[in-house]
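The letters A, B, C and D name the chains in turn, as written, and every chain counts its residues from 1.
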Amino acid sequence: MTEPSASARQRPIPEHCTSQTLERIGVSHTDMMGIVHHSHYVVFFERGRLEYMRRRGLSYKEFVGRGLHMPVIELNVRYRKPALFDDELHVETRLGGLTRVTVRFEYAVRRPGAEGSELLLDASVQLACVNDAQRPRGLPADVVQQLLAPERAHS
Amino acid sequence: MTEPSASARQRPIPEHCTSQTLERIGVSHTDMMGIVHHSHYVVFFERGRLEYMRRRGLSYKEFVGRGLHMPVIELNVRYRKPALFDDELHVETRLGGLTRVTVRFEYAVRRPGAEGSELLLDASVQLACVNDAQRPRGLPADVVQQLLAPERAHS
Amino acid sequence: MTEPSASARQRPIPEHCTSQTLERIGVSHTDMMGIVHHSHYVVFFERGRLEYMRRRGLSYKEFVGRGLHMPVIELNVRYRKPALFDDELHVETRLGGLTRVTVRFEYAVRRPGAEGSELLLDASVQLACVNDAQRPRGLPADVVQQLLAPERAHS
Amino acid sequence: MTEPSASARQRPIPEHCTSQTLERIGVSHTDMMGIVHHSHYVVFFERGRLEYMRRRGLSYKEFVGRGLHMPVIELNVRYRKPALFDDELHVETRLGGLTRVTVRFEYAVRRPGAEGSELLLDASVQLACVNDAQRPRGLPADVVQQLLAPERAHS
């Protein structure tokens, strides 16, 4: 067998490949049901992965400066409980998978409380590395290394 | 067996259970990559299913007036090709499934062109019928009937 | 005096310089107060002026293709009455002023009803013509002509 | 003269009535021009004033729990320079005026840099105190006191 299987190509992901961001819910996030409109979480996920990268020394701005982009190619969300105005949500972003061209992030959004935190939703987002002409490109080796690194200290 | 299986409980969906809406891409939809930011489609899907309902005589406003809501409980999107500024997209909303409490819509977003239309993405959204206290409620019989009906004439 | 005054440089605006677009309010537009969140109108205004241009044969896409942009430099809104879910709003976009470099649009958003339409808000947006380097550029003569033209027939 | 003038009714605003929030620019904030779309600042302003209140012990959630709201009745923005992807913006929210029923916030958005910070835009937002039926109501005395207070320590 010269062609490695999909699972063989998938790299093992270290446990430290996780970062957490906070999202305070404003009026603009709510809808007439009094809960956070489901569309806003998609933006929370983006912020989560940009911060995941930044805390590992990977500047998405520099990445774009190299003529590369990571558009979203797949999005899956399971909404379990609604978030409310003024909630401060914990968004956990975990690296979930890496292939030569794609990166997968997994998300858990939780609301901390007196009796422990509640899981409000979980999600996954698949991104593909493309060039300026939207053609697939292999992830550069230094980017792969940064994605697999632990968080550096951050303020 | 007195308990019917999940598939037995799922109703067959007539072929006429589809509606189409148009979305013209503005500057606010685009991002620095020059393509439509992936978050905006989620709002196009909402518009698609509200219009699907309206064209069948089902007013979501009246539905809410009865103390019922349909929050999104699951969202799955596969992005295949990017949309661009000024594109006029065709959003097809199909009823994909109905259980006692949930409704599933399936989506295809296409860009019409000289050589036929291109499929840009497909998606599914699962909604649950809940009351004002966010507790699951059976979909009212008249609502089920309207969801399964063909489009009435619309302007 | 060789330098004309600002008011002299301001062109008179014909009465036909007005276009109307419709905005159907969805759940995503509403907030926990049950009304349309004030931020969404800013996007309705953008759609209004893009459609104003399109109905006069002025493609903003082609404009951008010429290396020109019209960023917003000033925004003023007076919110008078709230809009609600499912409202179909009439957005009137009027050309309000033209200088060598700037374009001003004025807006009135109304909700039609049995006893006539209600004015919900009025607004103005000032745009400047700039090049790709964000430097001010004079509006091309053909663009000025199109901005001052009446609507062509549109579907 | 028994009717006090508008300026007499306006309270003097202490210098300490200012708070600063940070906004990191993500891809979702940008548009095809490569700059932050003008609509997003309106949401930054909302976050600024909610945080202004929170840091003075004024919970907008409790305010809403008392049957009161503060919808935006006027918005004025002057955009001076564009913000870019990955910028970390400083949003300064100052209490600009208080009447019996209205609150005015003034904003300056700056981008810090090696040669000092650049002013990107300034703005003002006028809000009115209303009840659940959208009728004007006098601002409660304790709320006025909190709006005029200095920031408490915050994490």
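The rule is simple: contacts are C-beta pairs under 8 Å (C-beta built on N, C-alpha and C of every residue); 3 or more make two chains touch, one makes a residue touch a chain.
The structure presented is a predicted model; accordingly, all values stated were derived computationally and were not measured.
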**Between chain A and chain C, the fewest steps along chains that touch one another** = 1
**Prompt:** Which chain has its C-alpha centroid at the greatest distance from the C-alpha centroid of chain A?
**Reply:** C
**Message:** Between chain B and chain D, what distance separates the C-alpha centroids? Give it in angstrom.
**Reply:** 36
**Item:** Mean-CA-position distance for chain D and chain C (Å)
**Value:** 25
**Item:** Inter-chain centre distance, chain B versus chain C - centres from mean C-alpha coordinates, in Å
**Value:** 30
**Request:** Give the residues of chain D that touch two or more other chains, as numbers and ranges in rising order.
**Result:** 27-28, 32-33, 39, 43, 46, 64, 85
**Message:** By the document's touch definition, which label belongs to this structure's chain graph: line, ring, star, complete, or other?
**Reply:** complete
**Asked** Tell me, which parts of chain C touch chain B in their complex?
**Response** 24, 26-28, 43, 46-47, 50-51, 59-61, 64, 85-86
**Message:** Looking at the complex, which residues from chain C come into contact with chain D?
**Reply:** 32-33, 35, 38-39, 42-43, 46, 64, 69, 71-80, 82, 134
**Complete:** Residue positions on chain C within touch of chain A in the complex are 27-28, 30-34, 37, 39, 85
